[in-house]
Amino acid sequence: MVRLEDMDWQTYEKKVSDGSAVIMLPIGAIEQHGPHMSMNPDVLIPQAISEGVAKAFDNVLVAHPISYGYKSQVKSGGGNFFPGTTCISGKTLIDTIKDVVVAYARHGNRKFVLVNGHYENSMFVVEGIELALEKLRIDDIHAEVILLSYWDFVTDDTIKTVFPDGFTGWDVEHGGVLETSLMLYLHPELVDMEKVIDHQPATFPPYDVFPADQSWVPESGTLSSAKKATVEYGELLFQVCIEGIATGIKERFK
Amino acid sequence: MVRLEDMDWQTYEKKVSDGSAVIMLPIGAIEQHGPHMSMNPDVLIPQAISEGVAKAFDNVLVAHPISYGYKSQVKSGGGNFFPGTTCISGKTLIDTIKDVVVAYARHGNRKFVLVNGHYENSMFVVEGIELALEKLRIDDIHAEVILLSYWDFVTDDTIKTVFPDGFTGWDVEHGGVLETSLMLYLHPELVDMEKVIDHQPATFPPYDVFPADQSWVPESGTLSSAKKATVEYGELLFQVCIEGIATGIKERFK
Amino acid sequence: MVRLEDMDWQTYEKKVSDGSAVIMLPIGAIEQHGPHMSMNPDVLIPQAISEGVAKAFDNVLVAHPISYGYKSQVKSGGGNFFPGTTCISGKTLIDTIKDVVVAYARHGNRKFVLVNGHYENSMFVVEGIELALEKLRIDDIHAEVILLSYWDFVTDDTIKTVFPDGFTGWDVEHGGVLETSLMLYLHPELVDMEKVIDHQPATFPPYDVFPADQSWVPESGTLSSAKKATVEYGELLFQVCIEGIATGIKERFK
Amino acid sequence: MVRLEDMDWQTYEKKVSDGSAVIMLPIGAIEQHGPHMSMNPDVLIPQAISEGVAKAFDNVLVAHPISYGYKSQVKSGGGNFFPGTTCISGKTLIDTIKDVVVAYARHGNRKFVLVNGHYENSMFVVEGIELALEKLRIDDIHAEVILLSYWDFVTDDTIKTVFPDGFTGWDVEHGGVLETSLMLYLHPELVDMEKVIDHQPATFPPYDVFPADQSWVPESGTLSSAKKATVEYGELLFQVCIEGIATGIKERFK
Amino acid sequence: MVRLEDMDWQTYEKKVSDGSAVIMLPIGAIEQHGPHMSMNPDVLIPQAISEGVAKAFDNVLVAHPISYGYKSQVKSGGGNFFPGTTCISGKTLIDTIKDVVVAYARHGNRKFVLVNGHYENSMFVVEGIELALEKLRIDDIHAEVILLSYWDFVTDDTIKTVFPDGFTGWDVEHGGVLETSLMLYLHPELVDMEKVIDHQPATFPPYDVFPADQSWVPESGTLSSAKKATVEYGELLFQVCIEGIATGIKERFK
Amino acid sequence: MVRLEDMDWQTYEKKVSDGSAVIMLPIGAIEQHGPHMSMNPDVLIPQAISEGVAKAFDNVLVAHPISYGYKSQVKSGGGNFFPGTTCISGKTLIDTIKDVVVAYARHGNRKFVLVNGHYENSMFVVEGIELALEKLRIDDIHAEVILLSYWDFVTDDTIKTVFPDGFTGWDVEHGGVLETSLMLYLHPELVDMEKVIDHQPATFPPYDVFPADQSWVPESGTLSSAKKATVEYGELLFQVCIEGIATGIKERFK
């Protein structure tokens, strides 16, 4: 059992009260990912990866995810105007991260790994962590937090395997081969490969516009096509992320 | 399929764009519920009830829950000092409710049912709804929101059945017969009846103190004993809530 | 002299600088209470009760009340749409409580009793207290706060006396026999019994709706009729609250 | 009857629903005013002046005051370190003003006079008004607000009468002849002229320091001596303020 | 070199790490100052004065200014409705001051002089300083801050020289002889004396109105005429401010 | 004259009142950039580029920069612990962007280009823009905003020229060849090439840690060496950015 929410409090207390446990906190978004996939990959993938990592350790627990994320941007998530893309504002995300990290630290935890699954969240999570650490200092609590986005652990070798015809870049991977392969492996019931749209990767000018220019985004909502996604790629990506993150945890938290 | 997050965005769009759909939003907490139960009943129960209600309709969808809730209070949830009880502050909850309701309304939705599973959330959810409706008016959007706590749909007859020896009152039902029976019915793997502590219902003075006086709370963390919880009671409670809520939806949203 | 605001600062300083004094802080609302009564009972009643309690002690002082309260809700106060009902938002109330408690603590006070007179305030006051205690910890100040609503000190015996035909419940007591009797006793010039409307207690569905459904509320704005209110009941209620609160203070603060 | 809080809601509604009424809102502070006077002159004086003005009109009402004000500054109020001086932060005052003005405007009111009694409040009240007007525009409500500090209506002639030996300046009038005379006239029971300290007016460098340098302030807490305060001066000051403010109201609101 | 931003970090570190340096922080506004002058005098003047002061010391450094200030008010800056007047809200200014002071303190600095050039900023800067000092206490950092507005150092003798026909008062000095003379001396390229409008000083009623009554303000946007401004007056004013502030720094920081 | 702050308000008004002007707003940071360079390149470079772009148009104006930016991160700016790195929090930056954009829009401007010079600012600027556009809608104002970071306009050809031995990547360009060359071209007096440290580009693990691990950063504070920076590269980079941005403006604003 790695999900801490599934434990009773006394079991949980035994594991965390001495500060040696590592709490993994998945952070995602509810956001469209094309006509072929559900709207929760940014939650489900970091949650599954967190659980995969936790299983490799004795004292790593997975917290309930923070599921609603920052506003989808055109060039990374298709934009905040798609039906189903359901986002919270920057200050709300900052405060949520702050409050949740503080709460887990007050149980005795001192080691955290925040596992981000939605690009747009990153800087607000950074600020939430900063505010949490500052607030904890009032009570003389000093915690250490690792922040990561799971895709940063995909190695160059894996990229070459998954994109044999050349990698079109992380920036257009929204709803593409990477996320779709992972979902095929983790939650095949939430993917319908027959609905994948085949289209060229999106290209964008070197700036953003507000309000969003909806014509910049492929009608599918995906920024590159998931046509070549496979369950095997998904497994490969999953394993490489888990290994990389586990190594990072060992480096920092011994 | 009633969970909107499991749909692809185009399927979802077809259901919601004309404003006739009803969005149910479960709101819970991660909070200890005694040594015999997991720490997520306040999320899982309203989510299950929402899904149960949705199945009785064509156009009712269940949104991803808001899972972290307001600080547990001694007299309703045992208090915010138990390991595992993981709460957010009042302003963060207000802002989260506001942002999420606004986001779903911008998809075209105009009818909402917020299903609360954690007593302490109520007034902050009220304020979040008020702020959401105010913000939506900037864009001339007018939505209608029902707010309910599922236990308010438990009928007197049901109470008599579930508590044949007399009802000790809602205020001490934390981790008691009601929640435990529901969890036994919905998620038996998260309950261990052998660990239930048998104790008298907690009694409290007619005031609160801050910082919390931890000696007021039974060591178990439950405010009354779940000894007499059964899966049958759970089913009964589940059905009566679903029926009551479904009736309410028909009344308000025709 | 029990109102601290009526003292000069040197007199006040003598009483509070060693931290042994108890500061009572009434918290109310400006809210309609029917056609027969002024709009300030939620301020005047807790203020009078606080002063009544203070007179029974040597070292209990009454602070200037926090007079504007959280938005009136249909099922407890008639709703926020009545002319005269003048409410502040949740975050403003939280911040006010926080700032005022912190300020009195910086004078040396360590013992507080917050006396609430408006149901809707409660959870925002809780959060304000939490934030105040946290802020005070920055300067290593540790205070203890009692939070109470005066009606929670009305005993069952008193209820039987005041409602000889049966109690219709706290939830519909807005502008009814309880508050009107207290005002008849404390401020008879602000009550006109000839204007009391006789109507059945309001009944409500087990949920709330936003925006408020104004048809749910009796046209009077009261949720039950004050027809049977008397000055004698008012005195009885006043005494029982004072005794109960005084007992609580002795319990917690010796 | 000019205090709107003392009216029942139907009486109030008749007066305000057409938008022709003028709402006066006193804004004060709880702040030490020397060893000879209570700590509430900044509330009581603007409240009395508001009521005095209202009596000269048919359709001017006085709202419940906003009683807690911004942090006392050394050079205008003696500083925020005196026991009894009980102040709120800038954002809390901004939000309170905003919420309260919005609430009264939603009753139909369109004409406001905010009567300030505490110098340090001024700019935060300005911002509160700005935010209120902006928020009201969401609902297409357009109100007009006069903001004044009562002492700005004291004429040069009055100054000459009250300070026959020369005026030492508004900046050191804290707890001095002006406020004390007004309190002698309005609330003689809250002044004890025997406790007035006779000292030279305070002098300050042309800058402020933080944290406050307590040695800058006379030990009395007053910035000039109230030795020469009289009830006659108080009446004169009261009348001149009332006349000036009444004239202003006629100018702007006809 | 007195601008700290122009140093490399190692040079800066050498000067500040022992806490003996004094950091001057100019705070201004972008605001119209009549048809004859640029819109940045409230930034440029305090910046130049700060640099002038710093040159007289070994260990006084000038920080990058905070350039956007609080909303221009009719009676002090002409009002917030003039094209070019570009203001931020009160809370934003409070937070900016707080963050910037905290950041410089974390480099080791303990002595600050905040040099205000825009009247409307003052109270928000006060609150920003208060919040900064409170936040620094979390990390046991204790700093001392001087807050000043440069015009408070203009002596009576200087006033007599610059206004030989009598001083019309600080309140109408917006865009008048004082600021224009200083700009003629410091930045003559940003002043065009041929465009100065000759008009009587503005007169105002003893109250403010919101929304602003634009008819109160001379069409020029200046509150008194700069006709008699000269570069010689500018130099005189500059010197007297520098001397006064330097003296203040020596008094407080030895 | 392209700096709008250097204009008098009437000149400015003529240019902007019909909404056809484009306002460029540079957004930077005060942050260490190694021992060889001043701490303001993130302000000065976007300001110079904005002015360079504006000169190519009739109706493009440059606003006063927003100079303090979000907290420096280890992997992009060396980290927030270097003396001289002076950063504001996320919410403050969000609010500043919001307020400033709203203020310029209220002058009549409808076209904005926000020119970012500090990587860490980006997402907070996005949120500020979102909030500004939402607030403007209250008054039925609809503006269009381009957001860009100047380095995104550096073409591949330019990269090949400037980094003939191979580009080590944008992520380690802090204080390296790119910024140093631009500063050598724009502000040679703020660069001392003799102080450049020659070191290998920094390498980082694929995650961040909080509190920052200072051992990750080269002692110089630069993430790659500026040894090969030249004024010629600076001119080339400057020109390519100006051309690219000018093209973007023509595309979006015709």
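A, B, C, D, E and F are the chain letters, set down in written order, and residue numbers restart from 1 in every chain.
In the analysis below, contacts are C-beta pairs under 8 Å (C-beta built on N, C-alpha and C of every residue); 3 or more make two chains touch, one makes a residue touch a chain.
Remember, it's a predicted structure, so these values are computed and weren't measured experimentally.
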| item | value |
| --- | --- |
| Chain labels contacting subunit C and also subunit E | A, D |
| For subunit F, the least number of touch steps when starting out from subunit A | 1 |
| Label of the chain whose CA centroid is most distant from the centroid of subunit F | C |
| Interface sides of subunit D and subunit E: same vs different residues, half threshold | same |
| Relative to subunit A, chain with the most remote C-alpha centre | D |
| Between subunit F and subunit B, distance of the C-alpha-averaged centres to the nearest whole Å | 47 |
| Distance between the centres, which are taken as Cα means, of subunit F and subunit E, whole angstrom | 26 |
| Of all residues in subunit A, the ones touching two or more other chains | 89, 91, 138 |
| Which chain pairs touch, all of them | A-B, A-C, A-E, A-F, B-C, B-D, B-F, C-D, C-E, D-E, D-F, E-F |
| Residues of subunit B defined as touching subunit A within the complex | 4-10, 12-13, 16-17, 30, 32-40, 43, 63-68, 82-89, 91-92, 95-96, 98-100, 103-104, 107-108, 190, 192, 195, 221 |
| In the complex, subunit E residues that touch subunit D | 70-71, 73, 89-91, 94, 120, 122-124, 126-127, 129-131, 133, 144-148, 152-153, 205-211, 244, 248, 251-252 |
| Residues on subunit C engaged by subunit E in the complex (per definition of touch) | 138-139 |
| Touching residues on subunit D, where the partner in the complex is subunit F | 134, 137-138 |
